[in-house]
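Going in written order, the chains are labelled A, B, C, D, E, F, G and H, and every chain counts its residues from 1.
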Amino acid sequence: MDIKYKKTNGLTDTPLSYCPGCSHGIVHKLVAETLEELGVLGETIAIASVGCSVFSYKFFNVDAVQAAHGRACAVATGVKRNLPDRIVFTYQGDGDLASIGIAETIHAANRKENITVIFINNCIYGMTGGQMAPTSLIGQKTTTSQTGRKSDVHGNPIHISEMFSQIEGVAYLERVSVCNPRQVRNAKKAIKKAFTYQMEKKGFTMIEVLSSCPVNWGMTPVDALKWIEEKMTPVFPLKVFKDLGDEKNV
Amino acid sequence: MDIKYKKTNGLTDTPLSYCPGCSHGIVHKLVAETLEELGVLGETIAIASVGCSVFSYKFFNVDAVQAAHGRACAVATGVKRNLPDRIVFTYQGDGDLASIGIAETIHAANRKENITVIFINNCIYGMTGGQMAPTSLIGQKTTTSQTGRKSDVHGNPIHISEMFSQIEGVAYLERVSVCNPRQVRNAKKAIKKAFTYQMEKKGFTMIEVLSSCPVNWGMTPVDALKWIEEKMTPVFPLKVFKDLGDEKNV
Amino acid sequence: MCKAINIRVAGFGGQGVMMTGQLMAYCATYENMFSLWVPSYGPETRGGTANCSVIVSTKTIASPVFMNADVLIAFNLPSLTKYMNMVVDTGVILYNSSMIKDPVIKQGIKAFGIPVNDIAIGLGTIQVSNMVMLGAYMEFSGLFSDQTVEKVLEKFLGEKKAHLLGINKQAIQAGREAMIAVKE
Amino acid sequence: MCKAINIRVAGFGGQGVMMTGQLMAYCATYENMFSLWVPSYGPETRGGTANCSVIVSTKTIASPVFMNADVLIAFNLPSLTKYMNMVVDTGVILYNSSMIKDPVIKQGIKAFGIPVNDIAIGLGTIQVSNMVMLGAYMEFSGLFSDQTVEKVLEKFLGEKKAHLLGINKQAIQAGREAMIAVKE
Amino acid sequence: MAKQLMKGNEAIARAAMLGGLDAFFGYPITPQNEVPEYLSRYMLEEGKVFVQSESEVAAINMVYGAAAAGFRAMTSSSSPGIALKQEGITYLCGSELPCVICSVMRGGPGLGSIQPSQGDYNQATRGGGNGDYHVIVFAPETIQETIDIMKEAFDIADYYRNPVMILVDGLIGQMMESVDLTRPVKKRFLPEKDFATTGTNHHNKRNVVNSLYLESAELEAHNLALKKKYDKVIINDTRYELINMEDPDYVIVAFGTMSRVCRSAIETLSEKKIRVGIIRPISLWPFPNRAFETLEAPHLKGILVVEMNLGQMLTDVIVANNGKYPIGFYGRAGGVVPDPSNVVDAIVHFKDLVVK
Amino acid sequence: MAKQLMKGNEAIARAAMLGGLDAFFGYPITPQNEVPEYLSRYMLEEGKVFVQSESEVAAINMVYGAAAAGFRAMTSSSSPGIALKQEGITYLCGSELPCVICSVMRGGPGLGSIQPSQGDYNQATRGGGNGDYHVIVFAPETIQETIDIMKEAFDIADYYRNPVMILVDGLIGQMMESVDLTRPVKKRFLPEKDFATTGTNHHNKRNVVNSLYLESAELEAHNLALKKKYDKVIINDTRYELINMEDPDYVIVAFGTMSRVCRSAIETLSEKKIRVGIIRPISLWPFPNRAFETLEAPHLKGILVVEMNLGQMLTDVIVANNGKYPIGFYGRAGGVVPDPSNVVDAIVHFKDLVVK
Amino acid sequence: MPKGILTFETEKCKGCGLCVAFCPVKILYLDKSTMNQSGYNIIKITDPDKCIACATCALMCPDSIITVEVNN
Amino acid sequence: MPKGILTFETEKCKGCGLCVAFCPVKILYLDKSTMNQSGYNIIKITDPDKCIACATCALMCPDSIITVEVNN
């Protein structure tokens, strides 16, 4: 009898603290499986950010540093510059990366830090109870945009990958989704490519993952995945924004 | 006898504190002339940033707020949201805007704050004595890149306008230069358009000005302007990146 | 009532723990008593449990925290186990006997099992099991008139959920009855 | 030398004010004395003026600041005007008489005008006017041997500017001579 | 108006609006989220300014801008978020801009926890910005008092042209209590905001808001002017409450939630025939030294400082006491809220808790 | 090695390298720019890590990462820049990470000036981060002492797993003095960095660096463990110097540049037959209470605190003195550096300067 | 045809229903009559024989509680 | 042809030479023999009659010290 699927050794046995059906769990799995498959669990340092995934340091079966809100890429820089042969990745939400931490993330990319950023875009501040994120959709009701986000008052959802595509130091950049099994498999491929590039020292890699927050969206987990497909994806099209591929990493 | 050119009333009588031949003076003039010509001196609030232009609050003949390093756009937001009918602009260097203040600038743009940003890109930290800026050119010698900026160590010069072109809230965005009389006249036009758009409440406008820092570049003022033309402009091409024109400001 | 009553309410997230506590506090305020409600909050509540404390008093309330509860309302077993020891000897425990079978209660403390889930399901929706519990406690304590709780509920539910007032009132009555039944 | 000598050097930016002060401090260190150099710094210096202070002493130096200068070296009129009053009665002022004509000096204080610009231009470059001043001060004070200043200059100029050593030495000598001339 | 049950954070928000709030800028952080959430709704409804900023740093600088333009601006945050505002706060003080900062404390250091704490006493009263400056800090103990002070806060800020901080622990922010929103506020004569940068068409002279004084003499003069102002605050707005202070055996010094816990404790203690009074600082800066200077208690065995931290206000009590009475300390950390019995025990074992 | 003339900031940089600096992260700010400028050259030459960060916030968090990975990391900044690092500092303390922070003070508050100041005493010793934590702060008075302490700083940081701050004013950073770089450093036994996150292949257990303790009981335990550590620092690494302390008429308390100015002043005073001693705190936290506890001076008329600020260390002196002797204060602000004659006058007019 | 054998770590199941929704042969359900220690309904399988061992359920399970073995 | 009349606020001149470099008829120079209060050489004009009143000098002067009047 063969094992077709079992929990990866890249995750510890600690039960995940996420709400039922939250996509964080799926993305955790994909990252952890990737690290296991690439055989680098023992060489990896995870940088946990502040958000629902703050406890990811408990979940990823690797050494981990918990970073201040928004500063994961700065912390990763501190680790990676001293340990250039290790694998270093950050795991950050849209509040963490796109709002408070955008400066640190942009400059890590611009300095060509050879790290991988897993960017969980769930259009909301999950951890703090559902406030508007810079990525929240127009019309989306959140606890700080109670009648829906309005372009004229709050601005439009920020397009992180589009902006980062303009940064020379970026080696690989793709936006993926986990809204259905096919997309989950795609996401896994993208994550694997990012880490592979890091191992090849190609530069900064980032995967933006469209993810769900069923609790703060006020939906069942299943409906939440549908919402990703129907509402988020049109605003945040899935796309490879940059792939330095085998070319010289200029 | 007609007056062909005289110091604009948009500047106070305080002598500028800039080094001989520094482009800050030229840009000051263009902004001040624009405000005078648009008849809005009495309706304008300038936000001075920290950099060589920290004293611009002494020079612009308008009400002014001196902002903490990098935070000019946040300060401008605080002013403009409360005084939506006034003209509010920030005047920021590349250290101030592109480095420490990139988050505040991006998010002001993304929130569609109806302000104008004058962004002085001189590839250097002038005020503090010539350290590397995120915009410093590859090979450029600065006090913190003494053997020249290297892509692999320091990353590549950051392209602010290219990044901001991806932000929906931006209504007008152009990169200009003051390296010769023709470019100075172009720069003036761009600045005027930006302020005009602000008066029309079109959204966030930014003019990136390629400027000289003769002292920290170690050149005569004249050579410094040549350096803008010959070295900076190829890296930072002059271009209108975005112009919402008369279209509806979406 | 001569002294403050310290109440702890606890259970799974989703069992209406917070609402139960808040309604008590609202009722007390409505009846011109002093009241205070303290929730557990934040990620602590993620992944399963919720609890809050309520103080009801005829005088101003000094300390908002207490170690000694006069009342424990436990909606599930972990909550009962966790908080049982804070109940004073003269205190009382109300527990959800639909989910907690034959609990071992600290010696000498009064405890009443109310099958609030079953009663609520009997009324048509498990959602009101917390109201059943509230009714049971009202019956036991003599606190808050039916009128008070109705007014408070009306405001709490607001226009959008006004249609739920009836079923909530029914649940409270059912709770009262259940308490009368177990008390005997 | 029995006590610390407090020296203030001031002038326009570009007149070599800082270098003059630093060289004094280097010379003192080279001659195993204690020395301390304090610059004015930052944007203060933008747009025109520069100044620094130097303390030279045979003992450890306690206070790095002084209100009373034993020596003022002024390269331009604003500097002379600004700092003249801090010179003690027993002090001395050396000023650049190429730029300062017939100054009014505080009563009773020794003052020597040295036409350092003119002398430097005479040597072929105005750039060394500060070295002329240094030479003049060395002559006046008897501090620092020619050997010391040569060694220090050598290090200061480094390989890249080694070719300037000669002209600098010449300037110092010219300064010495000028001082001898005015002293008489 | 009748009393109503209100959550602390929402009461803060509503009271700020009653106090004349024009513009709020903030970034989410537990346990103060209901402040911005509430304001996001009601400020916009009333046509006022609400901006969820990209960070705490941005928020305090938006406050700076709004205050410079002459508006009543506020931000709210919690522990690490307040840490990030320190530069902005020192700028506000340096530029003499009025504003209100709400700080709802949680456990520290670092990310710590989100449980209630008083671990940010130093952060609030000593700042972490640069230079000589003070924030006026009030630490109410009930939601009612929080409302009352918040309603007055903008007046105080405007009066002194200085930031005012409302400092509460997470418990006050998160709990609900019966309150009256309509209690009257002390009126004070407020100066015209003639410093406001609203455009030169709108006032007489060109206005500049600035904290830079490159000449040390000028900056020193500015510092001394600020000091003069702070001395005025000390004289006029030092606040404290004396509780049960007739001939006490012990005096407790406690603020915020802790003073409430101590109120319960001293009842129990009086049953044990131990007379304990409480000095409750309401303003933490200025600290009520006065209450200690005038303290004459013939039977006083000592002063017990009780805090939800490891002894931060303690320093101020030692300074105020100036060697007069023995001082003991009882504190809990990390989000643990002592209950009255802990305080009773602390008084009973006072001797063991004496410092130094 | 012979003495050499060196600029304070460059001496700091070189001494840090001699002390084993692996990685520097910093953002330009006057008056400390020569620190990163020097390091940008020599660190890279030696194959070490130098990163000019995008901001002070980023710099301190890079330090956090480097320290987490087990490396000797440092940042350097000045007043408003240090304000921005407060959150990072409290995280470092909370996660028990060693590092060195160099703070070169300028005038404040806000943008203030770039002239030398001691206005950041509170900022350094009280922090502005959240929670109960301490940074070990040393305030050398000469460039030589700065070098000596800096060379030892990483050992101290590693020993306690805590940030160490070297606090100097802009004058020490900017001036040049004759120094000897080769003086020996006290050796101490340093624990293995078994906490370092270098990948699980490289050590036995999975390492996590973290300051979050969601359960208050856990966080309290962590807080108490930290306190225990801080108590150890107080016992073992409180530093001060006593100058001229035989039977003084007055005692001056001053640190850094001010203590040097006071050294000159007491010479003049002794000519006037006034015997004045100096207590010079070298560690500002822990503050040398000890020096005051053992202070027995039969003719002592009072203690004069002299600072380049408006009375920040004063609080610590009042606490240490605990009511024993009258305390006076003389301070200058805004970048004004008092000269010896000012201090002489202050002693002569001590009575007018007594506080309270 | 391969046949899947599923094991659930039921104590960690959160009853989110994602496995249920994405199982192509619709053989999974949440048993409303049982609850694990955390109060969540427990995942069950109606017709084990119909499992095609596609592991989609396991792939989509955020809590990684499903093991799929295949009996070739 | 228009003729320009130039006025310089010489005390504010910093001797940067931009006006000199960009004057199309090359009639401006910095007088090394004079200095203003700030120590900068003073801007002078060689041949006023040749000025074509283009105002390029004034446009490029960072310190706005040149006034150009035109005599039509």
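The criterion applied here is as follows: a residue touches a chain if its C-beta (ideal position, glycine included) is under 8 Å from a C-beta of that chain, and two chains touch if they have at least 3 such contacts.
Remember, it's a predicted structure, so these values are computed and weren't measured experimentally.
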Maximum number of contact pairs occurs between chains E-F
In terms of mean CA position, the chain most removed from chain E is H
Taking each chain's centre as the mean position of its Cα atoms, how many Å separate chain G from chain H?
-> 85
Taking each chain's centre as the mean of its CA atoms, how far is chain B from chain F in angstrom?
-> 38
Geometric centre distance via CA averages, chain F-chain D, whole Å = 35
Rounded to the nearest Å, the gap separating the Cα centres of chain D and chain G is 87
Among chain H residues, those touching two or more other chains are none
Which chain E residues sit where two or more other chains touch them?
-> 30, 54-55, 57, 80, 87, 91, 95, 110-111, 114, 210-212, 214
Contacts with two or more other chains, residues of chain B listed in rising order = 15, 18-19, 54, 66, 68, 99-100, 102-103, 106-107, 111, 127, 134, 154
The answer for chain A against chain F in the complex is residues 12, 41-45, 47-48, 54-55, 57-58, 61-68, 71, 74-83, 86-87, 103-104, 106-107, 111
Considering the complex alone, what residue numbers of chain H touch chain D?
-> 35, 37-39
What residues of chain C sit close enough to touch chain G in their complex?
-> 12-15, 47-48, 76, 78, 99
What does chain E use to touch chain F in their complex?
-> 57, 79-80, 82-84, 86-87, 90-95, 105-115, 117, 119-120, 122-123, 126-133, 210-224, 226-227, 309-310, 312, 315, 318-319, 321-324, 332-336, 356
The chain C residues in contact with chain E across the complex are 22, 25-26, 28-29, 32, 34-39, 41-44, 61-67
